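Each of the next two complexes has chain A plus one more chain, namely chain B in the first and chain C in the second.
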Partner chain A sequence: MTHASDTHQPLATPQRRFALTDGQVAVIRHLILMSFALVVLFPFFWIVSAAFKTQIDLLMGRILFEPNLDGFTKVIFDKTSDFLRNFGNSMVIGAISTFLVLVIATLAAFSLYRLQWPGWVLHSLLGWSVIFHMVPPITLAGAWYSMFRSVGLDNTYSGIILAHTTLHLPMALWMMGVFVRDVPKELVEAAQIDGAKVPHILWHVVLPIVRPGLAATGILTFIFSWNEFPVVLVLSQRQTATVPLGIGKYAQENTIAFTEMAAASTLSILPAFLLLLFAQRFIVRGLTSGAVK
Partner chain B sequence: MAHVRLNNLSKSYGKVDVIKDVSLDIKDGEFVVLIGPSGCGKSTLLRMIAGLESITSGTLQIGGAPMNDVPPRDRGISMVFQSYALYPHMNSADNMSFSLKLAGEDEPQRRSKVDRAADILGLGPYLDRLPKQLSGGQRQRVAMGRAIVRKPEVFLFDEPLSNLDAKLRVKMRAELKELHQKLKTTTIYVTHDQVEAMTLADRIVVLRDGEIEQIGTPLELYDNPANAFVGAFLGSPTMNLLDLEVSAENPSEARFSDGEALRLAAPAAPGRATVGIRPECFALQSEAGSGALRAEVVVVEPTGASTELVVRKAGQNITVLSHERLAINPGDSVWLVPNAERVHAFPDGAAA
Partner chain C sequence: MKTDTFWRHATLWPALVLFALLTILPLMKLFALSFHDVEWVNREAVWDWVGLSNYAKLPQDNLLRAGALNTLIFAVVAVALQMLLGFILALLTTRVVRGRVFYRTVFILPILVPGIIIGAIWKLMYSYDFGVLNSILMALGLAPQDWLGSPDLALLSVIIVDVWHWTPFCFLLLLAGLESLPDDIFEAAKIDGATRWQELRHITLPLMLPTIAVTFVFRMILAFKVFDEIYLLTGGGPGTSTEVISFTIYRRFFTEDQTGYGAAMSIAVIAVIAAGIIAATRATAGKGAKA
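== the complex of A and B ==
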């Protein structure tokens, strides 16, 4: 912006009556961005700070307080707390369902976009996946509960993993579709001529190129599974409950354990946060540069 | 090495026929160029030979064996793509040895084959670089290297030089020719650049709208084009196509509207005719003489080695190429003496 003003030619642009200087524009822009940041970060900040307060500080609405770790200690070490178990459950369910989603979505995207299906197959499958994605999960939960119960899958990891895989597959399919379509057709053809069969093409050519897409889709899928509430609420009991259910448990009929709830929420942010930090290096654009042209 | 035989090959997408009944015999070791304007089906034909497009009807044989339903990997071909299509996550050496790896060859064997190809192409110092770290010409060479290491029966090139700048294109063209002289592998090469076709080909196949217009050596096609389209497509500056009248009394002459006549190489059917003559097939004189046609100079373009003139004769522009330094100005009159052996009358309606 400042560069543009250096080369600004008064004759070329007619003077507007209420024209703002570049400086003013920058101030306004930053005010808007800051207010967005505030909207996003304040609840986060509020929860994290609540986790370090005592119940009394919190209920009194004290802004200045002496931090303590009681909330965390209770959540992690208290004998009546299931949180670590919830945490473990969420990890297992999130990791396995994400893995399954990535495998199925990548194979499906490659097949749909690169193996020359007739148009109606492609469009009806993609259309169906959108419709499925738009259905609120809670409407499926009841039906799944009775189905899973009759085959003995209720309150099992397998049942919840299956449900999460199904729920998040459409989104992953669409995302992987975009990344697979970005792989130039000529690369697939070159590999065909080089003697590669479909599994080779997928493994040696397509997968290495869509790695950033796998990372991005994987992170999103994992976070969705980590946060998913209504379906696990219906399908799980104490043994298989996940983190969101665990957090919900702190709101009892008579009391709400606000600080424990806040501490558990704060802890629940960690995996997604670490995952993002770790996977960021995979999410780089331009991996195909040099491939064609 | 192998010969390639196309018997009545056709390709349609629904009701649209892209390749119509193409038959072609390519000899072992021959360098054949498919040329034509964009949309003529030349790339489609090449991709049909490669196995990347299905064949609607007709048969394709490579080395005598029918190939219609054989997957690309078993056709004994390698292809160089216009976009190079290098695997972006593999370095040059891995790009070149990918096919060998798939074929189950062991590391030392692959290494030696890649090294040999790298030697031929001057790629030695670049073997451990990724495609994005290479220049356009180097990528082009890696793509060629990838084709060479497989020792194919047939090389297929799909406009391999069109992404390079003009200077590099000329250099790579010469390298390609040298490569073919060294390897003597049957080659089918698609281009829309007539200079590439003329310089590289043993035989040129001119395609239009999915059909073969003419097949022949570069000079056969240049000197004796079968029709105005082929005549105009090959050669630069382009062939003059004149709209003249052939009389029934004297079918070996074509008349301008001002009454002056041009002798034809062969008698033509009476009536209106498209007459083609190349710009270099005229001698120039500054005064009238027998068989000389009077014309008015419109534009003079000296290029150093030669001079290109545009002259007007009976309302039609004629381009004349002279290798002499001419003291001539727009508005002057000149007399053209055409080389009658190089004046072709084409059946009308075939003009490009």
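== the complex of A and C ==
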């Protein structure tokens, strides 16, 4: 028995003057989270409500108003509005570049992690892709613009799709690398010993295992392509403009058409919002594999 | 397994070709451009060799200086606030079981929305005449603020938007980290009579260090690339008060058509970033930390 430790004991014991029951703690935690969630949601609520206001309601800062669809009708049906075309462009560019990213990244990840490349190949490719990922895209956009221009790819879907594919390849390579490493080496080796060719192994061994990974990577790639702004700002003009460019246009005009800007913004959040509601587990999986592993 | 050599190459080459054509080649082109002045004569680019003079101009460029400084302030302040707020919120709300899916949906939403729309939303809320923030200030009897138009306030306003945008994600990552910590250590600490503060200082923080580091690096990278939100909110103004580095490059290269000089600026930024990454990798490799 040492007396020194006895004298220390009362000091080290936490003195709780306000003892909360577990139930009270849970309620407080929920209150904190709820207020946080409200702060996060409020701006979204605000833009959606602005989309239903008339320009006058908006400029008067009215809180109570009669819902009105003018903003949406103008954005969708007005002859001068490019919104539907922008929406279509974003869909096409997003879908094709996502498909290309998935194919290229899956093949490369499988090759790097399961087909015995020497270490320096793996490290230099991944190293380069990390550096490229960290560099602001605007630095390369200028070179892309002049290169595309000299081969006639400026202001074309192909040019923008190529740029978006390159831009999102590092992230996809990283994520698919994580998922491909879930494929047991022994399984691949056993298939090789049985004389299976790589395409067969990819299709029958790798694909079934990485399918959730493909969904996660694909959804995020599509959303990032949908959201991408600086590169399309440089590479595209009216015919190939995507949704963010269209929204940017509203804000550039002398008198900002706030109702239309709000309506267009509301519509362009929808794809990501629907994916978040119906494919959340893939999104979460993608975000955690990309950021945490 | 000799037969596989063909497929070994065939699977890797698409990625290699894409990187070569769209990252290495443009980089070489930028490098070449940076030693020239480019003029357009009859839709033909005419390159004039100017040696290092484009690089020599960089240190004297006031816009670049403002852009670099603002980017640094923006990234450091915004990311520090996000991490701090996210961490405090995560500490306060661990082990909440009910409503997890709802909260997660809400907190992921901001990062899936185009940056340009984040800008549009806040431009509406920051408006001097009819923005909701000024309505609230006036309802409280306070003076309305020119959030985006005042040189003293604009950078802070932009930082506020970024903190709103990214704190939820930092919170989710840090919360996931906290909840994966082993329970028995905390129980042992409780038995030994550790105070909350001691527990935080000596157990939680050290164990959370990897998660904190990953979140921090991830956020810093994106913060240095910031462009979209600011493009819509302030366009870099008023004056140079929200000018960031990506903007400066965009302006010099595209708006002003100073192709050679813009290329030199791009190369300089890429070089600084690459040097930073290599230094950071060396530093962490020394400690035996492996990604």
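Note that the second predicted complex is superposed on the first by the 246 of 293 C-alpha atoms of A that agree within 3 Å, B and C clash if a C-alpha of one lies under 4 Å from a C-alpha of the other, contacts with A are read in each partner's own complex, and residues count from 1 in each chain.
Criterion: a residue touches a chain if its C-beta (ideal position, glycine included) is under 8 Å from a C-beta of that chain, and two chains touch if they have at least 3 such contacts.
The model shown is predicted, which means the values in this text are computed figures rather than measured ones.
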Exercise. Between chain B (first) and chain C (second), which does A:H200 come into contact with in this model arrangement: first, second, both, or neither?
Worked result: first
Exercise. Is A:I96 contacted by the first partner chain B, the second partner chain C, both or neither?
Worked result: neither
Exercise. In the superposed arrangement, does A:L235 touch chain B (first), chain C (second), both or neither?
Worked result: neither
For this session: Applying the touch criterion given at the start, work out whether A:I160 contacts chain B, chain C, both or neither, answering first, second, both or neither.
Result: neither
For this session: For A:M134, select first, second, both or neither according to whether it touches chain B, chain C, the two together, or no partner.
Result: second
Problem set entry | Of chain B and chain C, the chain that contacts the larger number of chain A residues | C
Exercise. Touch check for A:I209: first (chain B), second (chain C), both, or neither?
Worked result: first
Exercise. Which partner does A:A191 reach: the first (chain B), the second (chain C), both, or neither?
Worked result: first
Exercise. Where on chain A do chain B and chain C both make contact?
Worked result: 192, 197, 287-288, 291-292
For this session: Report the residues of chain A in contact with chain B in the complex, numbered from low to high.
Result: 184, 186-187, 189-197, 200, 204-205, 208-209, 287-293
Problem set entry | Residues on chain C engaged by chain A in the complex (per definition of touch) | 1, 3-4, 7-8, 10-12, 14-16, 18-19, 22-23, 25-27, 29-30, 33, 45, 89, 92-93, 95-96, 98-99, 101-110, 112-117, 119-125, 129-132, 135, 164, 168-169, 171, 173, 176-177, 192-196, 211, 214-215, 218, 221, 224-225, 227-228, 231-232, 245-246, 249-250, 253-254, 259, 262-263, 266, 269-270, 273-274, 277
For this session: Would you tell me which residues of chain B are touching chain A in their complex?
Result: 50-52, 71-73, 77-79, 81, 83-89, 98-99, 102-103, 130-134, 139, 146, 150, 163
Exercise. In the complex of these two chains, what residues of chain A are touching chain C?
Worked result: 9, 12-14, 26, 29-30, 32-33, 36-37, 39-41, 43-44, 46-47, 50, 58-61, 103-105, 107-108, 110-112, 115-117, 121, 125, 128-140, 142-144, 146-147, 162-163, 165-166, 169, 173, 192, 197-199, 202, 223, 226-227, 229-230, 233-234, 243-244, 247-248, 250-251, 256, 258, 261-262, 265, 268-269, 272-273, 275-277, 280, 283-284, 287-288, 291-292
